[in-house]
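Before anything else, here is the set of structures, which you'll find just below.
After this come two complexes, each holding chain A, first together with chain B and then together with chain C.
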Partner chain A sequence: MRALRRRRLLAGLTLEAGVPLALLALWWTWSTRAGLVFFPPLPDILRSFRETWLAAPASKEVLPSLGRLAVGYATAVLAGVGLGTLLGCSEAARRSADPIVQFLRGIPPPALLPFGILVFGIGDPMKVLMIALVCLWPVLLNTIDGVGGVDPTLRETSRVYGLPLGTRLAYVILPAASPQIVAGARTGLSLAIIMMVISEMVASTNGIGYSILEAQQTFRIPDMWAGILVLGVLGYLLNGLFVLLERRLLRWHRGARAREGV
Partner chain B sequence: MRHHPPLLELVGLGKTFGEGPGATQAIAELTFSVQEGELVSVVGPSGCGKTTMLRCVAGLLAPSSGEVRLRGRTVVGPPPEMAFVFQDYSRSLMPWLSVRDNVELPLRHKSRLSRRERRSLVEDAVSSVGLGRFLDRYPWQLSGGMQQRVAIARALAYQPEILLMDEPFASVDAQARADLEDLVLQVQGAYGVTILFVTHDIDEAVYLSDRVVVLTRPPTTVQETVSVELPRPRDQVSTKELPEFARLRAHVFRGIKRQMEVDQGEGAEGHRARLAGHLEASGSTGTPP
Partner chain C sequence: MLGVLSLLEALTRTGVLPASDFPPPSLTLVTLGQQLATAGFWNAVGQTLAGWASGLALAAVLAASLGMVIGASDLAYRAIRVPLEFLRPIPSVALIPLAILLYGTGFTSKLFLVVFASFWPLFVQVLYGMRDIDPLAMDTARSFGLRRLERVRHVILPSTLPYLATGLRISSAVALILAVTAELVIGSPGLGKEIDVARVGGDGRLMYALIVATGVLGWSINAVFSRVERRLLHWHPSQRADGGAR
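Right, the complex of A and B next:
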């Protein structure tokens, strides 16, 4: 029994690590032999990756990007949860806000970039605002949904025991809505990374997006690929971090759902 | 005890849902009272508005006519002297809080309690329902019967004067049900709390109660109130084999069965009764049928 489980675990690991490694090997051999300008050899890309991104000056490009991402994302999550709770608590507020929210959400955020640059220039405030604007909607909509969908029995329990508003929010409403809020925050995170890169490509003097575009424009093709690789790795790590956080936060949810499934 | 003013009074309580010709009168007129320290059960044919009545008593639902009084004061919202145990325990406990935190939650805003007092109230209540070892578990790690025990512990720790229970054991298995019934008898003694207990189980009502209030079908009124003079302490086996238990059980059962026959009967009597119900419902809203 244990041997079987160990073998299954091993097979899973082989698949998870083996397939990407095999693909890398394929890329390596193909790119070194093909000799194409736009698809430089993988070893060159990796060298550039090491020199440009892992060496000391890496902070010059990565940290500004990450900083803007963090501030914009945090602002969006706080605003989305706050506003969403307010709107979700009352049926009237929810209904009156719905068309407006749906309309604003429908505008592709990059379309607001020209406006953002006009008002805020090309500095950090503009980029942070653009990032915040793009992640606001999924967080906001999911919070409204989650708060509005709190089980009526839970609401009545809060009323019967006379829980004051603060207690009700912190111990009943927000935890009950948290699975949906977290799902919204997760969608928001990938949107935030996209917006971070776009805002840096359109108007910036530093950042990962800026350096990818700059490498392309000066025909440093391996550097361009290295930048793309950095974004991939970054996205992967941030998502992993998010999953860890989600597991901790929603442990009860998984437990309760597993129970219902039995 | 009877010479005291009653703890809880329902005075001509009525509830109509909706307006105009589509309105349905769930409860016509309910009048009865509960004395301090009593355990009163309410039974009736299914759909007779037992839960609606209890929600009105709890201040969760506004009555359409009449009123509920707790110690002489009209109930307009959930009073702080009242606790409620819902039928659906899995949705009334917070799955993100441990047993301890669930029971403590309603005490958090009682500022007259120190942290230590709160803690001991919680631990006493959880022990009294026999879950002392499960303080740090989560509700979804417990069986249905145990979850309902947690809900009862939460109600007890709140130290209410009156505890309302809405078919609390309807969704647990038979063995857990008998245990929970005995638990109610036991904690009622220990906490000296008055209980208003809604159930559709006649045996349960007779076994637990000092009095059983039997309701009619809708539009609901009190059909009769049955005094249960069975000796205490009661026991699942010896109490239930008493001739008096069998007599009371049969008496209540016949009353409810009569109601249900009226409901199902296609005879002139049932028809007339239903028509009367309609007239009454539309009459109360002032529209001609």
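Right, the complex of A and C next:
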């Protein structure tokens, strides 16, 4: 019985590890044989990946992108949670803010880019602000909802027991709202990555988005693919990091499970 | 809402916010009103919506059929799990240069990006839905001699539909984002392109008017899909429990 189970487990693991490897091998042989201009051989892509992205000058493109992403995202999460807690605590504030937030959230992020360029120019502040602006809404909206949805008994009990406001926020309200806040932060993260890339594509002289588009325009196709690979790895890592953080943060919450992203 | 608008109006009229960058909201609304009367505006809206709708529909068909086939088999599900976890987080905007290479700057590029981006949330939701089918219900159906199609109709569809609806709601927003992005970055015709043209031409008022129009579009799409989801699935427990990402 145990041997059977072990064999089944082994087969499952082989399947899970084998399929990706087989796909990679397939891509490798297909791309080296097909000789298509737009789909260069995988070894070429990997070489370019190593030379342009893993070598020292990589920091020239990757670090500015990541820096803008981090500052913009952090600003949005802090502002969203702060403002959302404020608005969520009062029914009247929630009501009056709702239509505005709903509308601003409805604007597709790229549509705000021309506004950013017009008002703030094409420098770093514009990109950071744009990243912050697009991820603010999901965080804000979810915080308002989460704070507003705290169990009234819990809220009132903590007030009746005379807990000071700071303690109530830190130990009652924010923890109770945190699953929703985290869900909003996750939506925000994928929007932030989108905004990071397109702001660099439209108006920049460095960054990952810029260098991919530039590689395409100068027909350095393997470099372009390597850039896409970099973004893929980056997306994967950031997502993984977020999941780890979420698990730590919401360990106590039974209903906490992975939410869908963009 | 009105309070914020009048505050903005006052700030722009008195020059606290530079007038060249921030036209008063009243003027923006007037411009928007004028735009509503032009054919060019509706043309752009149509182009954006065409890319959005056809991309979303294509992605939904692909995701539903692939998801049901793969989700029905344990083996297939396990086989694609790792590649899926790797492909899904790739930001779809990374493929913009590839789209330009393959399809140029026209409608097809936009379609490609929209399909790619909206496929993943849908596909993942359908897979979740397939994994969520009650095995007891499935076995019962099987032992009652329901045929494959009948099982799809009576067991599989009812339990995957809520997931598909959620996927559609998420993807509808993503699809619009990608449609506008393609118009803005690649220059496929549509609202996104018009916004950028207005900016380059220095017509701030038109730019704001078009951004507002795009916002209304995004807001209505979201409202419609949320309502349809609620209406269609009022019987399902997920709609009664509250919470989750909005």
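Everything below uses one rule, namely that the second predicted complex is superposed on the first by the 237 of 262 C-alpha atoms of A that agree within 3 Å, B and C clash if a C-alpha of one lies under 4 Å from a C-alpha of the other, contacts with A are read in each partner's own complex, and residues count from 1 in each chain.
As a working rule, contacts are C-beta pairs under 8 Å (C-beta built on N, C-alpha and C of every residue); 3 or more make two chains touch, one makes a residue touch a chain.
On a predicted model such as this, the values are computed, not experimentally measured, just so you know.
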Partner chain(s) touched by A:Y171 [first = chain B, second = chain C, both, neither] = first
Chain A contact check, chain B vs chain C, more residues touched by chain C
For chain A, what residues appear in both contact lists, the one with chain B and the one with chain C?
-> 255, 259
Chain C partner, complex, touching residues on chain A are 12, 15-17, 19-20, 23, 38, 96, 99-100, 102-115, 117-119, 138, 141-142, 145, 149, 179-180, 183-184, 186-187, 190-191, 193-194, 197-198, 201-202, 209, 212-213, 215-216, 221, 224-225, 227-228, 231-232, 235-236, 238-239, 255, 259-262
What does chain B use to touch chain A in their complex?
-> 58, 60, 77-78, 80, 82-84, 86, 88, 91-92, 94-97, 105-106, 108-109, 138-141, 154, 158
Chain B partner, complex, touching residues on chain A are 151, 153-154, 156-157, 159-164, 167, 171-172, 175-176, 178, 252-253, 255-256, 259
Residues of chain C that touch chain A when the two form their complex | 1, 3-4, 21-22, 75, 78-83, 85-98, 100-102, 117, 121, 124-125, 166-167, 170, 173-174, 176-177, 179-181, 184-185, 191-192, 195-196, 198-199, 204, 207-208, 210-211, 214-222, 242-246
